[in-house]
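I've put the structures underneath this note.
Two complexes are shown next, each including subunit A; its partner changes from subunit B in the first to subunit C in the second.
This part shows the complex of A and B:
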């Protein structure tokens, strides 16, 4: 039965698969843009990703306005201002973010500055009421969450707006297959946490659930083999697709306890968010398993398919879904420990993290955050 | 007077919670493996304190170790080491100080002091050969370091004192002893959290005598000869203090300018050692005993004051674009009184200036202006207003307000006054140093820029050079002797002194692991051997240094340190400088890889089991 009330928005067009990069000229022209600013990092430039992109744009009417190959992972005011200036000086009319993590968030922040014609720090309090300049996101498989969502992170700020979705997401195996196993694990765990938290909310949203379920399906099917061989074309494309779906689901749901706590921990420790989320998710799921309606039986349908779902007695579906999810997390065991203690996070810091999380996301009480941290610390 | 032959091998453990104390023996084996000073302090901490404790908890211990050389008449050995868990970095915090407390403690018959627990109300401790007295410090609480030292001068010959910053747990509060400091890592805050205002050692109860006076004296005389012959130790530092570095760094592109955006400045000469020596008519005011005499005091604005050291001049001066040595001296005095680390204070203020400029925060601080700097220092010490945030250091500030790319810190510790883009070995050294952005972990800038012994912009041999220098530095800080003696001991022996630079440079750069084997640093272990009567060869001594360094790293990895923390602020990795036409940035990843390989760490920066086993470090 369809719920009485829900809203859902997914703006980006996803071009995924073979020669997806070659779609970019068409997509740009559809968006009435011909001169993009391309932002990437020195790592991806050295791996030849910028060259692959420029080759894909050869026989087209697209002229690269500027190719910036030294983007750091931290979206600072300095780099945002520098790239905004470059955008204006070169007369660019669109932005292509080639890479995940900070690169995508820098691109979004630059887009706000050049579209709203204001300072990045002023953007934080501004309501975006019209579409920004065209933004194409070409993610690598080292996503840290939020790259393809309606959110931008820069400095210590977080800006949410429906207009912050990229216009087009291009997922091409020539780009996605370069991440390491560790990065793939991080990407998958982030997507897993975002997807589960998005479809575990009190107010059901069937369309959002569909996105979250797709993400889970991709992760369950492709994570083990992609971790083993991150250069696997299908696997890496599937993992990035999962990230895209999870980001959309994440954009249409309130931030969950795992996401909020992981953010607080990552800020202090520089650990990869997915690794932290994976640990917290394990114990969050365990707690939900014992709570009534904690884990939705439909997750089993998404993860295991209709046959297994149908074969499993109704009373066991929640537990079986849980087992499948834990199996996904366990697939990353070589790259992520199973407790916060295993990450060498000192116990005395947990209080601070709970306090920070409670200040940021008031949907949960500090005691709830602390309870999950305590469970995750030693795996109780 | 009674005599101690060699070392007393006993440490006094003070429990503040129960107001009791006891004697703890040091094993001969540990002394041989960890040399003394910093090394033994770390070993004691490792054996006694579990990982993951809160630096402000009762479980944290504050350990002072005097080292083997102190009191024997070894040159430049008036130093002692301290070890604790740092509240600023959350990692092992170590420090070295040339104040009188070390000598007083050692001549009270103790090789070290362990302070644990927490006093119910403010106390100060008086230590003598018989034990410890716990005295009420309520009247001293709230007073500055100089006033407290004066009030306690009759109680003993050496003191450790915290100021208001330590009482208010400013994360980079220091500890004062005479006019020298345990400056870094926030040790003052640890004492403050334990309600300890001061520790006094009576001293002058024992005389320290080497076990083999003949052997010791021979090495001592040779070291002195080298110190008096070396141009850096006998001329530059002796005449102009550590501020002799200003002109050298300005010419070499190492000077921090405007929160490390530039490496040189046209007005830098105004704050140079040469200029200050003339302007302030400086006189020696050093650690005791000392043969280098780098510490100076002078007539500054009609008052006889300690001349700020280079780190203070570099961070409060050029880094804030303040080229007035009188103003910098004023800031130095304030930090001294309040008990604040000048490096962290100044670098934090520089962050605030840049964050203000970029609109991340609103303050009245401005580069090139002395306005409000003194007030900000006081606000930090008392945690007043925005000073409460500044008191947490640049890492916490940038987490709260943004600006992480120009928060000039590594592992939470603010960077000393050498721009890493001017010497890539120094850059690597900052990134991997155990206590954070510490210039003393190797002082590789001297090898690369001052002495031109290693190409500062070559990737070749950097990993093994930094590993070697870290080993030697750890051993030096465990003997315990002044690091500046390295200029004399390492450079004056025949091979190094008489090999022309055009040959020496490529040898050290391209054949580093082999070249370091020819470095003769045998004087240090010879003196150690003369004092303790134990055999200690040069290679065994260097291996002990390596053991100390790797133990500290291993302890840090138990606190969560790994490759992700061996990095530099983004500024150094992406921004070039005006003083460098080639706009060089630091290629850190390659450097870190080569270092891990040289060190026997895995690719994540964790010491391998085989490395720990080879160094006889028991894994916990």
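This part shows the complex of A and C:
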């Protein structure tokens, strides 16, 4: 039965596939912008992505206000302020984030500063009540989660607002195929955790389920071959599409236990969030399978398709869905250990992470966080 | 931060691609005019359109463009590539030069191009559908089967367009398109 009481918002327009980059000039003009500030990192600039983007803007009325090619992976206040100044000095009217992770969050933070005309540290307490400047996100396949969601991370802050969604997400194989297998594994595991947590809530939202299931389907189908060959065009585009869908689903659901714990660990250790989420997700799913509600059997439909779902007896669907999900996580075994101990996290730190997570997300008790951490530490 | 390190970049032009598209638009425009005289199906499709029908097909944002319209006596005419103050009843905008290249190098058909959001149509939907049907017929006449199969949604069967009609029509359309 469809539950009638829900809200759902997905703001971004997704342009994906062949020659998707060439859509940018038209999309920018329809957003009434003609002079974007392009933000990317030196790594992507060296790989020629900035040049690919510049070429895609040929034969249009779009002038690149500044092509900033030195964005760090950490969105610090200094870089946000410097880029905001560059934006104003050049008279830009929009922002293009070419890359994932820190680049996208820097772009969102700069957008807040230039749109709200205030300091970045003051933005944290402000409520965003009107649309920001147009923001186009061109993700690479090294997503860390949240780039395409209604959330921005900068310094040690986290800002959530419906206006923080990018306006357009452009997914093109010329951009996505440059990540490494390790980064693809990180991206897929983050998306997997976000998608499962988004549709595993007590009152599921049917539209959110559709996004989460699409993400799961893409990951299950394309993860093994993309990890082997990250330059695979279809695979890399599918993984980034999965990240986009999972981010939308994640924005419309409360934060889950895996995400909250992973954030607490990542803040302290600077590990890749996807790898941590992958470990926590494995044991969280196992605990859920034996818990009262169990895993939603619809996940099997999303992962394996209608034929397998129909063939599987009703009582076995949860276990089969669990097996499929573990198969997805196992596909990344060469790049992610199966326990927290394998990440060299000291045992005495677990209590601190549980306390941090409980302070941030009060939906679960500190003991629940601790139980999951203990299980994930030794793999018991 | 040294701002001079991060220059402002003006977009360059893709001259060769634009010339190719301009030539293709000219050929298609002239071929539509010729096909309206030669082929009964195209003639019927145009007869159903409004008397003041005028098509503008162009590449956003700076062209090239093609104008095809019906004259006062009901004939179909290619009106050139320059905007002489025409008021098009149907505008088909191709979003970028690259999208036009995919269309005019027959890597994508009109239907696929529309499905992939590369075309924007402004005008009556029945007119746009009629025009797509006309374009399909013209492409079948102009191109060899192996290429036309890529460009159209369904290549006509023997019963729909027999070889005599196809080859004879092809000769007439080419002669009319490139002579008068």
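The rule is simple: the second predicted complex is superposed on the first by the 380 of 380 C-alpha atoms of A that agree within 3 Å, B and C clash if a C-alpha of one lies under 4 Å from a C-alpha of the other, contacts with A are read in each partner's own complex, and residues count from 1 in each chain.
Everything that follows uses one rule, which is that contacts are C-beta pairs under 8 Å (C-beta built on N, C-alpha and C of every residue); 3 or more make two chains touch, one makes a residue touch a chain.
What you see is a predicted model, and the numbers here were worked out from it, not measured in a lab.
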item: First, second, both or neither for A:121, with subunit B first and subunit C second; value: first
item: Partner chain(s) touched by A:344 [first = subunit B, second = subunit C, both, neither]; value: first
item: Touched partner set for A:90, first subunit B, second subunit C, both or neither; value: second
item: Touched partner set for A:269, first subunit B, second subunit C, both or neither; value: first
item: First, second, both or neither for A:254, with subunit B first and subunit C second; value: neither
item: Which superposed partner A:76 touches (first subunit B, second subunit C, both, neither); value: first
item: Which superposed partner A:131 touches (first subunit B, second subunit C, both, neither); value: neither
item: Which of subunit B and subunit C A:224 touches, first, second, both or neither; value: neither
item: Subunit B and subunit C footprints on subunit A, overlapping residues; value: 70
item: Of subunit A, residues touching subunit B in the complex; value: 70, 72, 74, 76-79, 119, 121, 154-157, 267-271, 341, 343-349
item: Interfacial residue positions of subunit C with respect to subunit A in the complex; value: 1, 3, 5-14, 17-18, 60-62, 95-99, 102, 116-117
item: Complex contacts: residues of subunit B adjacent to subunit A; value: 51-54, 57, 90, 358-360, 398-406, 557-561, 564-565, 570, 573-575
item: For the subunit A and subunit C complex, residues of the former touching the latter; value: 15, 17-19, 22-23, 25-26, 29, 54, 56-70, 82, 85-86, 89-90
